[in-house]
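What follows is a group of structures, each given as structure tokens.
In the two complexes below, chain A is the common chain; its partner is chain B in one and chain C in the other.
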Partner chain A sequence: MNNYKIFEPIRTAVAIIIALIIAFIVILLVSDDPIGTMTILLVGPLKATRYLGNVIELFIPLAFTGVATAFLFRAKLFNLGAEGILYICGIIATVIAIKLKGYGILQAVVAIGVASVVGMLLGGIPGILKAKWNINELVVSLMFNSIFFGIGFYILNNYLRDTDQSLVASYRFVEPGKLALGNLVAGTRIHYGLILVLIVALLSYVFMFKTKWGYALRMTGANNRFAYYMGIKTFSVIVYTHLIAGFIAGMGGAVEVLGMYDRFRWGALPGLGFDGALVALLGKDHPLKALLAALFLAYLRIGADIMARSTEVPSEMIAIIQAIIILLISAERFLAKWREKQLVKEAK
Partner chain B sequence: MGNIWEIIFATDFIFSVVRVTTPILLAALGAIVSDRAGVVNIGLEGIMLMAAITGVVISAQTQSAFIGLFAAVCAGILIALILGYFVLEMKSNIILGGIAVNLFASGGSVFLLYVLTGEKGTSSSLASKVVPNINIPIIKDIPIIGEIISGHNLITYIAILSVVAVYLMLNKTPMGTKIRSVGENYHAAESVGINVKKVRYIALGLSGMFAGFGGAFLSMGYVSWFSRDMSAGRGWIALAAEAMGGGNTIGTTITALIFGFAQAFANSLQGLNIPSELITIIPNVVTVLGLCIFAITKTTKVRKVKANEKNNN
Partner chain C sequence: MSNCLLSLKDITKIYPNGVVANKGITMDIHEGEIHAIVGENGAGKSTLVKMIFGMEQPSLGEIRLRGEPIKIDNPQKAIDLGIGMVHQHFMLVPSFTVMQNLLLGEEPKKGVFIDNNKAMEVTKQLSEKYNLYVEPTVKIRDLTVGMKQKVEILKALYRGAKILILDEPTAVLTSQETVELFSKLQLLKEEGHTIIFISHKLKEVKEISDKVSVIRQGKFEGTYNTFDITEREISKLMVGRDIILKYDKNPPKYGENILTVKDIEYENDNKKILDKISFSVKKGEILGIAGVEGNGQNELVKLITRLMDTQKGEIRLNDTLINNMSISELRANGLSYIPEDRMTTGIAGDGSIADNILANRILEDEFTNKGLLAGNKMKTKTGELIEKYVVKCSNALQKIIDLSGGNIQKVVVARECSVDLQLLIAEQPTRGVDVGSIEFIHHQLLEMRDEGLAILLISADLNEILELCDNIIVMYEGEIVAYFDDKAKVSEEELGMYMLGLEKHSPKNIRRAFNE
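Moving on to the complex of A and B:
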């Protein structure tokens, strides 16, 4: 049984190692100093407190979207809508934050609260469409990403835009040099959103594994027909899973905007929502393991950024690593023979 | 409102509907073939993107549009087969596999572009070639019809021929029967000696080929350069078109045309006094509405049939 338990972590580790080896081969092709480049990618973030701070700063939104997507994937709902919800809820948080500028803690609390609720309602739309009419949630969620971006960008350009700024940006919602979510660790930009995301992940874990709703959710994901015949109301499971995921993604958008910026600055979808899918997958759709996955991905991303700044290899290189990790981890047959051997050995 | 009608009934608008529909239609054909074999290819979006960059790069290297087109299509097939390997041999989840393809293409195409040109936005510094437009003799001289039908890009005509080919292949050939039977019930297909894996490889390869043509059209026909994420959701719209068309070639072609119409309409509204951010979402809104209308009418039909059955018993 012990070997069986450690199988999954080993498999994940092997997948990551293979991906890194392939990444190294690619670097070998494009870089003059492949070993130096690879070293920067792998240990670059450890070199300065500021870089480590960057890792945690990036971890926060990735953890939000990762936990949100873990709910959906756990129920076998392939919805990638966290991206659009993150964006539009960032806009909503900005609107409120501008209105409540100078109200201190109240500003952040109200902005995050309202954005989360809006995220929940918007996230529920594909859920109801799926539950009621079995409309493909993947396609709908992707269409909604573009729709939410279009509407959000329209609001930004027409109602929030500070025309004194050369780049796309909203009006300021905090005084210069301050951030709405404060500073948690001196010397970095880590903000109180970190504590919030840890609480959200913990509550998600409790919900998913210690309540009957979480049980229904997991059963629906494991086998929705079986769950249905067992008497689980799969209709409501699909809807509340979407509502929760939307709530968390919306909160993530608000926290990211208020925690990291003094103005809303996203002129395009930031991609953090799509990364949530990868985080959820790496974390095996488990809220706490998703935290580890988010930390890993954030580390890799910051490593890639440092690499792109100091070498000629672009940070998009990371896309290759990600694709290989997804393919290998989702592959049931990957290392299956090895596992079968282990099982046989134990039986003897 | 007057000028909106003027826009829609102009011949160049209908011409642009055909043009805009081309990549959606090609990707939708890919969606049909793969879905009918029971392995719906979610990676169409990414395959188009990789084909688009391949076409630009190879045509710039060889200075031949046709070698570029050929390479783009090969790239499409290759990626689809790699996806096939993971799904069929390694038992990856097809949806996650498709997501991996899309993530890879979005970053990988920019990576390739940067390594080759040092730019991350567009390939304008590469002297890539464009697949030529074709004027059809005789037809081009017919008023109105000639203006709409003639003068399109070669790939547009390939798309139209592909519709016929896919229809005939699925409905009139042994291969089509195999694909459909594998998609309907692969256990049954297996039991009569059909090589399920092989059929699915072929179906995925074909879907990659069609998406490859679609991607090549984007960078070598629609415009003459590659730009970051230029497939812009067309692969997803194609999947929606296929779902609404019920996996049927003619139905899917019609829905692809509807989405192409929405896109062309959005394009021509750019000149009017409507915020451009809202115009860009029109095709997406139409797609969601289309999916809803289709699914709602379908479920009501099913419910009616069930209710009738109950009454008869």
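Moving on to the complex of A and C:
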């Protein structure tokens, strides 16, 4: 039954195409030059190195949160806590970066390292609550998003805030014109976080598919009662899955802050953590496929930005595309009829 | 035919995971008859009636009601068409009263409020009309199974059911309750109701039905007048062979006790599920546990396999107390377990064959190197097992869910039996499996017994129990009611008497099951 293997990719592709068609219809309604606008949306990012750079810059945090969330989703843990962890770990990286200002590479290494470990520990809390008392991880993680934001913002406002700035922002942690994670590709703002995220994704893949802990994680996700019957310690699987996801999300927060900014500037939750759920969903909870999904999403977003700048269609347009893709992919019955027909044919 | 009420034409049902549950079923059901649908577990009976009741949609084929082609999209539509169903697992709200359950969603109203007096009256009328006595104000959770079933039947009738589908109604009933149910069904029939009755108990089918349709492995084997066909003929149609399996067994060579269960008691919600259970299984012995489902066998297995905590009593594996062991320790000590429900506990459907067939040892050192999985070793071992256990598949990395039921079960058996084990708990090991696989699995079990393993076999299939086991325990309402060590002296009929609680061995005889 090979057709099972190709069914899922086809489904994803059809969902994306339908979403783009609907996007086109909406553009048709609001734009004087719908074809031109659609072209900009779809190929705009290819027009300049800077734009391609923007795609990669956005790809990095999306990939971090996407891989983190893929771990959770793979174990069938519907935890959306990457958002809060990303935020508070950004704050923690900022605190350390300010203290270590001028220490060169050490600044970034220590800041990212500490933030990742803190992310891991914080990520573990819903894990232990889930494993021990079966408290719903979705509810807990959403609550913690607010808590982490509240604590992070309090620290920002009371200890880190540079009052010379009109908007909420921390003190500088690098000299003007420099960035803590350096520059990888000239002409863009792509930083060394790209290499880090690729390494993380690759290690995640190895962990998930080539180690016994990854096996236990996958089996727990595929059928936790079966895993339990087989003697797999599902308690520890739930806990370490949360720890790993927290670690990666925390690292993502630190990398994003140090790589893209000279000060901490998030006055609200940036939404990158929630996007991670979308990335994991599109990437079928697979670390490497999540990279592709993150790239796709970053590309669409930057395309939408360019479209908004050069035409009268606002970039919020992209929210429609995203919503439709999520709807269609998570709708289990979507294309089920078609699949059933295929099966009937095969059975004959 | 003129009085053909419901006809199914070429009904095929394929589930999204590729399982073909029904294939080209054509069946006519006439008005005012009791029509039995028989078949082995997993033959596709439930799927078929679920389609009639709108819970599933046929992939192909047509359903006609009084000659009109109809499409039953959902149960509400079925109810509107006068079709009612009593499910095997009751669909009642335990914390609601009988009355509330009966009228749920269609309560008599006074303004926006429920008219309680009217509701009471309606319930009483209904109960009298159909001669099914229920107490309207008692909560469902306080009722016996038989009473719950009555509520279910009334519920369907209240919604105007002319066609009543009963999915294995007697599976959970005591013999008296069954007798009562049958008399009520006869009354309903006389009033012009049509009853579709699913069962795999042939005696009951003979007793109650007018017509009998046989399904084997999703395929239709024909409809017969019950009067014209013998139980033996039906069973032949059901399994495609004479149901009697015969094996040439070597005489048993018993060794020391492997599993000792002593004075086990288990309570749930203040209800005694297991009461003073003691028995032992020796090396080289297959001990069978017979009993109607729901008499405590399931709980007993869960205690032995450490899926539940023992409340009272001792369970020993080779003299080691296992009351507090973890499952992985227990498995390391030589226990293997074939669970009764392979789909929910026996496999991870999304995993590959390799993932599933090695699941009980992948975390051991054999297949890992510093935590990394040894992919090649896994592949080789999986290949060996696939060959040895004759699993039909395209390759080791195929998703297990794509295999047929029999092959999935072989994967489970291969996994559990190919480790270094001393005790095998086999719970319904051949349920819903094709004949070829059944024989294969049976031979495996016998071979393992001859090699000196201790096997505890829990089965609802008496033929399986009688053919394979050296000694037999019968469980009834959480107690051991009989112990047989001379099988020549027991027949299926006799076992049945003990299973239904009609007879009981003396405590002295039962104690023989326990070997110090």
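Following the convention adopted for this analysis, the second predicted complex is superposed on the first by the 331 of 348 C-alpha atoms of A that agree within 3 Å, B and C clash if a C-alpha of one lies under 4 Å from a C-alpha of the other, contacts with A are read in each partner's own complex, and residues count from 1 in each chain.
Definition applied: a residue touches a chain if its C-beta (ideal position, glycine included) is under 8 Å from a C-beta of that chain, and two chains touch if they have at least 3 such contacts.
Remember, predicted model here, so these are calculated numbers, not experimental data.
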| item | value |
| --- | --- |
| First, second, both or neither for A:215, with chain B first and chain C second | second |
| Which of chain B and chain C A:339 touches, first, second, both or neither | second |
| Between chain B and chain C, more extensive residue contact with chain A | B |
| First, second, both or neither for A:326, with chain B first and chain C second | first |
| In the complex, chain A residues that touch chain C | 1, 4, 210-213, 215-216, 218-219, 222-223, 225-233, 336, 339-341, 343-344, 346-347 |
| For the chain B and chain A complex, residues of the former touching the latter | 42, 86, 89-93, 95-97, 99-101, 103-104, 106-108, 110-111, 114-115, 120, 233, 236-237, 239-240, 243, 275, 277-278, 280-281, 284-285, 287-288, 291-292, 295-296, 298-299 |
| Residue ranges of chain A in contact with chain B within the complex | 30, 78, 80, 129, 132-136, 138-140, 142-144, 146-147, 149-151, 153-154, 157-158, 274, 277-278, 281, 314, 316-320, 322-324, 326-328, 330-334 |
| Footprint of chain A on chain C - complex, ascending | 12, 14, 16, 18, 20, 23, 59-60, 305, 307, 326-328, 330-331, 337, 339, 344-351, 355, 359-360, 362-363, 367-368, 371-373, 375, 399, 402 |
